[in-house]
Structure formats: C-alpha cells, structure tokens
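Once you've had a glance at the structure underneath, I'll fire off some questions.
Chains: A, B and C, in written order; residue numbering restarts at 1 for each.
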C-alpha cells in the first residue's frame, strides 16, 4: 500500500510490462533446461506406455506409489491460488494485490499437471475415456460410487473455476496490452479481452463476479482436496481408513501451496526486478501464514499418529511402526524436521524471519510435504492386513524422471506465462480503495 | 433357486503341498513370471498358500492357509472401481471384467486379503508353453487386474451340461481346479443355497471361521480349524 | 448523440452525474470509462445486479440435474458393487456437490458476460480511449447538447467532446 503512493502510476505499468518483451540469457537458459527435462519426462512416459506399466517400481502389494503421491502433491500445491486470492479477498487483506495473479497461475498450472497423473498411472491409458460419462452402445456409465470418479468431477470443477478465476482479472490487462501492441499480438489480446472497454457496467459486473467466485472457489477447493483424501480414507487399508484425512489433506494442501507461492514469488522478484512491488512485508505476511499452517499441520499429524498409537490396533500398529521406527523412518523424521522444526524456528523467531529464511523454509516444506504424501501412500500398501502379502517398494528411473519433469513443466509453464501477461495485475495494484 | 457358490477349506487337512496353486496355474492361463519380477513381488498366484510358523524350537508348528478370492458379499473391491470392471453377479461371484478394466488398481489396494493381481506387462509364455493354454479361459492383456474366478468356466460348463440334459446341477459336479487337485481332499466347493450340499453342511460346522470376518466383508470361503 | 466528458477525480464525476440526473437523464444513458474501477457513493450510479441469484439458480439446476442423471445411469445398467444400494445418495453426494458448484461457476461467468455487456455490444456507441488516472463520462443525449456540455464543465470536467 505504501508503494502505491510512492511509485508513479505510469512507472507501475512500465515496470510490470517490461518482462513481457525481450528475453535475457538466464531466461533462455531456464527455458532450455526445463524444456529438456519435460521432453525427457515425456519420453519416459512414452516408454512406459509402449513397454507396459511394469517399468515402474510398483508391484503387489504397493500398487500405488510415485504417481499417486505426485497427484496428491500437485493438487495440494494448487491450493496456493485459492488461499491467497479467495480467502484474502474475502477478508479484504490489501497486501494480497501483487500476489494474486502469481498465485492463481500456480493454481491453474498445478491442476493441469496434477490432473495428468491419474492418466499416467493408468494401466491402460488408451481407454481412459471409460471414466467419462458419455452415452454409448451398451449404456454403461462410470461408477459414481467410486472415489476416483468423485476425483474426476471435483478436479474438473476446480480447474474450470480456477481458469475462470485467473481469466477474469486478466480482462482489463489484456485490453490494455491490446491497445499497446501491434500485429497478431494485438488481435489475440483483443480477442482474449472480449472487447473490454473499461465501462462501469463491466467493472461492476467483474467485481461482483470476482466476489462470488472467491466464495465459490473456496468451497470447491476445500471439497477438492477432501475428495482426493477420500481416495485413501474410503479404503479399508490400515492407517488409511481415518476420518481425519479430509481436514488433514486440506491443511497440508494450503501449507504446500503457500510454500510454493513463496518460492515462486522470490524467483520472480529477483528474475523480473520487482523488488519494489514484492516487498519484504509481503514475504513477512506469507511467512506468518506458512508458520500458521505449519502449526496446524503439526497438530493434525500429532492427532493422527497419537490416536493410532494409543489405539494399538494390530494391523495399524504394523504400518505405524514401519513409518516411525522401521523402513520408512528416515523419511518420516526428515518430514517432521522439514515440515515442523525448520519453519517453526526460522519463521517463529521474529529476528530470523527474512525473505531468505522464508524461501529456505518454503523449499523445505515442499520437500517435506512430498515426503508426507509418499509416507501416506506407500507404507500402508506395503503392510496389508495379511502378513503373507507384505512387500517393499523402490522406484525406477521412469517414475523419478516423470516426477522431475513435472517440476520442470511447472517452471516452464510459468516462464511462458510471465512473457504473455504481466505477473502482477496492473489495475489491481493501482486500485487501493478497499484497503 | 439361483446358485450361490461357496467353498469350505479344512485347514486341519491341508498339508501345504501347493497342488492347488499348480492346478490353478494350469487351468486359468496364469501368466508366468521371471525370477527378477518374482523377487520384486509381481508373481501371480490366484490361490496362494500362506505359511505361518508358531512357537519356538523345538515346539514349532507350521500352519498352512490357502488364500484365494473370498468372493465377498460386501466386497470392498467392488464399489471403488471407477468403471464397473468388478461387480457381483447374481450367483454371488465377484467377477472381474477384463475388457472394462482401465488399470487404476484401486480394487487391489482395497482388498484386505491381497488376492488381486495386476498384469504389469503383456503376459508372455516362453515357447512352447503357450500351447498349453486352456481354451475356455481368456488370456488377459497388460494393464488389467485379475483374480480367482472360482473357475467360472467350469461352473458354466456344468450349468450348460445340466441344462442340455434337463436336470439340475448335481452337488460336487462343479469342481474348480484347486478343489479337484487337492490330494488331502481339504477343499469342498458347491452351492450354499442348497442345504443338502456338502459345502452347506460343512459350512455349518463348529470349526468354521471366516478370514478377517470382523471387517464385515462377508466372505464365502469358510475355513475349518480346531480352535485351541 | 454522445458527449464525452473527462474528469480528473471521481467527486467531480459524481457531481456531474447528479446534475445530469436532475435534468432527466437515467443511468441507462450514462457510462463511465476508466482504467481502474471507480466507486461512487450508493445512489449515484447504481447498477442493480442479479448475479448472486443466477449463481444459486445455476447451482440448483445443475445439482438437481446431476441427481437425476446419476439415478438414471445407476439404474440403466444395474450392477451390484459391495452390497451398496443401486442409487445411494451419500455414496454419490460428492458428485452432486461438485457438479452443483460447477453449475454455479458457469452461471456466474455466463451472467457476467451478459451483465457486463460483452455479448451484445452497441456498435454505434463510441468508446473513448481513457488515460490512466482520468475518468470519462459518456452521455447519450439527443437534445440540448450545448446546455449539457456547459453543465458538465461547471461540474468540473476537464474536457468535453461531442462524439458521433
């Protein structure tokens, strides 16, 4: 807010539009590296489709592993946009303005990537359309009682809503870009801006729609990750069949979403020279939110593990032991340190809370949350109820490549996006009337 | 009265010889595995014999338990399949429709008995073993789940023969491969809806238990063992 | 006939609008163009909206439709899974909720296109090019152009132009 007073209006637009033209050497290098990683990941997927899904490390009984972990992880990351845009909009938190479009972009891209994983993990990808309800000769429809079909509807709704939610505030900026462009750019921007003229009718309708969408997208976001958690909670497998999964996953999602947002914001702040717009106060506020989610996550994790341990139910205790003391113990304790200890110390102590420590904590949280998803999926499957069916798990190059490629894909999508539209909504930044 | 197929396995007779496993392999075109794949845990055994050791030396007892698909009435594997590739047919069997399966593997995760198997690759048999295939049974493709079917092909054959001859299916006429091959005659298969059948009478035995009964899956395989 | 008046701040624009309304012009004749949303006090230039109602209606329609659709599909090929009933409201409740929200979202977006005037543009109405920071008031009046212009200048307009 203070910055809007000190930076003159025309400089705001110049600063925020500067990254749209030209490409520095860092940018080109980043695009090349991420592009190669994405290409390698696509090759790995193609190899998997051609040879058979057996090229991954999955086996009986661990029939779900990296791909479902990634699926849950990326859908979790997508809650970044929802938190920042929707909750902070509904609570009239003015500091959100420079951050909303970056967050909403994370949401859309994370959903695109996360939504790809149910396809990657299918045994027979070619007939994935059996999951889609469409009239056919046999009048056979998908099983709406299955949590996987719930996933499909939830993610479809969420991605539609998020794309609209990202698109709406873009309209004024697209019209502005159209006015200042030439040639094919002008036509495309004009088309995408739906002929936005800036009349008060349009502004009113836009603001009303944004307010409504904020509430609706929040309701959908909470339900989406709850539904994703119910893929596990609805199963009778030990330590999956837990009522806490719904709120646990939503908390974890918002947690990892804020962490992703902090990392992305730090990168664009440095890369696009937006130090005057993404100020330390923004990182301070996000760091405080990250700390809050860290505490909530710790609360849920304690609640879940304590009730399992105290209940002492045999098949659950086997899984619990594997996580805390056994095969997966190094991952479990790394997760606890990265998700709780590091953020608590670095962000809880005011003197230590800087942009640098916020980014370090955020990166740690991203790794820790990935581990948390992994530790939910694999130990339970490795220790089913009948001991004769116990198994192990180790990944292969295919799954690792695809996992790395998705991170590269996120970066690549973001790099491309940052060249097409300003990453901070110019009109929203200048408009500070509602605090 | 429709049939309701069930099985009784007498654990006090089972010697753990695994003839049932071998017979099932031969009857149902079960894909072969390699040593590397088997070490990873990808070998397919529609019926397997679980072996548990009890006690310390010298008082060690070994217990054998053949575990196959229990064809549960309230099967947890069925509602979670997004494409209806597994459902319960009117005769109480939990059927797997290979053509419909897209390979999400949720059913495999939700089966508490771990009796579901996935074809990670296209099944292959080294020459000349593919000549040994049972023509009555489908050869599955890569990417689909499979499991014990209570030898549905033998049930169908018995019902066809009975219909051709204008009679009902006789008790003991339908014998899945495992039941037929057990040298200790530990396994009995038949119609639970027929109160006179051997399987119904044995199921009422005081030694009868069901595996993981407290989960409420209502399995149709009854295990007989002396409870100490 | 359209007049375009440029103002430097929203107070003078509001005063001008009030003045025009006393002369008989309605909100339908007035359009305010700006590069950022301008918020007048309530009553100056109200645009009543039915968007919330439309959103709820969208949710209800698609939600009820989803219930009917699932009921029909579960019965059209009746397969027993895990002892569950053929149509189970709770087992499929998530689908109803998500599709209802989708209906609300789609209805909101489509109504935005309608209410914002994106769909039916009056090709004859000229659109002023607005510089950042200024507020343009477009007045549609067929008579008394000079009089209206004078009033606008009195209210504080920086510039008044006749367009088309």
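Assume contacts are C-beta pairs under 8 Å (C-beta built on N, C-alpha and C of every residue); 3 or more make two chains touch, one makes a residue touch a chain.
Only a predicted model underlies this, so the values are computations on that prediction, with no experimental measurement involved.
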item: Minimum number of chain-to-chain touching steps separating subunit A from subunit C; value: 1
item: Interface with more contacting C-beta pairs, comparing B-C to A-B; value: A-B
item: Centre distance in Å when subunit A and subunit C are each reduced to the mean of their C-alpha atoms; value: 31
item: For subunit B paired with subunit C, centre-to-centre distance based on mean C-alpha positions, whole Å; value: 63
item: Distance between chain centroids, defined by C-alpha means - subunit A, subunit B (Å); value: 43
item: Touching two or more other chains - residues of subunit C; value: 77, 79, 81, 84, 91
item: Junction residues of subunit A - those touching two or more other chains; value: 140, 143, 145, 149
item: For subunit B, residues contacting two or more additional chains; value: 76, 79, 81, 84
item: Complex contact set, residues of subunit C against subunit A; value: 31-39, 45, 47, 49, 51-52, 55, 69-70, 73-74, 76-77, 79, 81, 84, 88, 91-92, 94-95, 97-99, 101-102, 104-106, 108-109, 111-113, 115-118, 121, 127, 129-130, 132-133, 138
item: Interfacial residue positions of subunit B with respect to subunit A in the complex; value: 37, 40-42, 48, 50-52, 67, 76, 79-84, 100-106, 108-110, 112-114, 116-122, 141-145, 211-212, 215
item: Footprint of subunit B on subunit C - complex, ascending; value: 77, 79-84, 91
item: Sites on subunit A touched by subunit C in the complex; value: 9-10, 13, 133, 138-141, 143-145, 149-150, 153-154, 156-157, 160-161, 164, 168, 172, 176, 179, 194-209, 212-213, 216-217, 219-220, 223, 227, 230, 427, 430-431, 433
item: Footprint of subunit B on subunit A - complex, ascending; value: 51-54, 57-64, 118, 121-124, 127-128, 130-131, 140, 142-143, 145-149, 152, 231, 234-237, 381, 384-389, 391-392
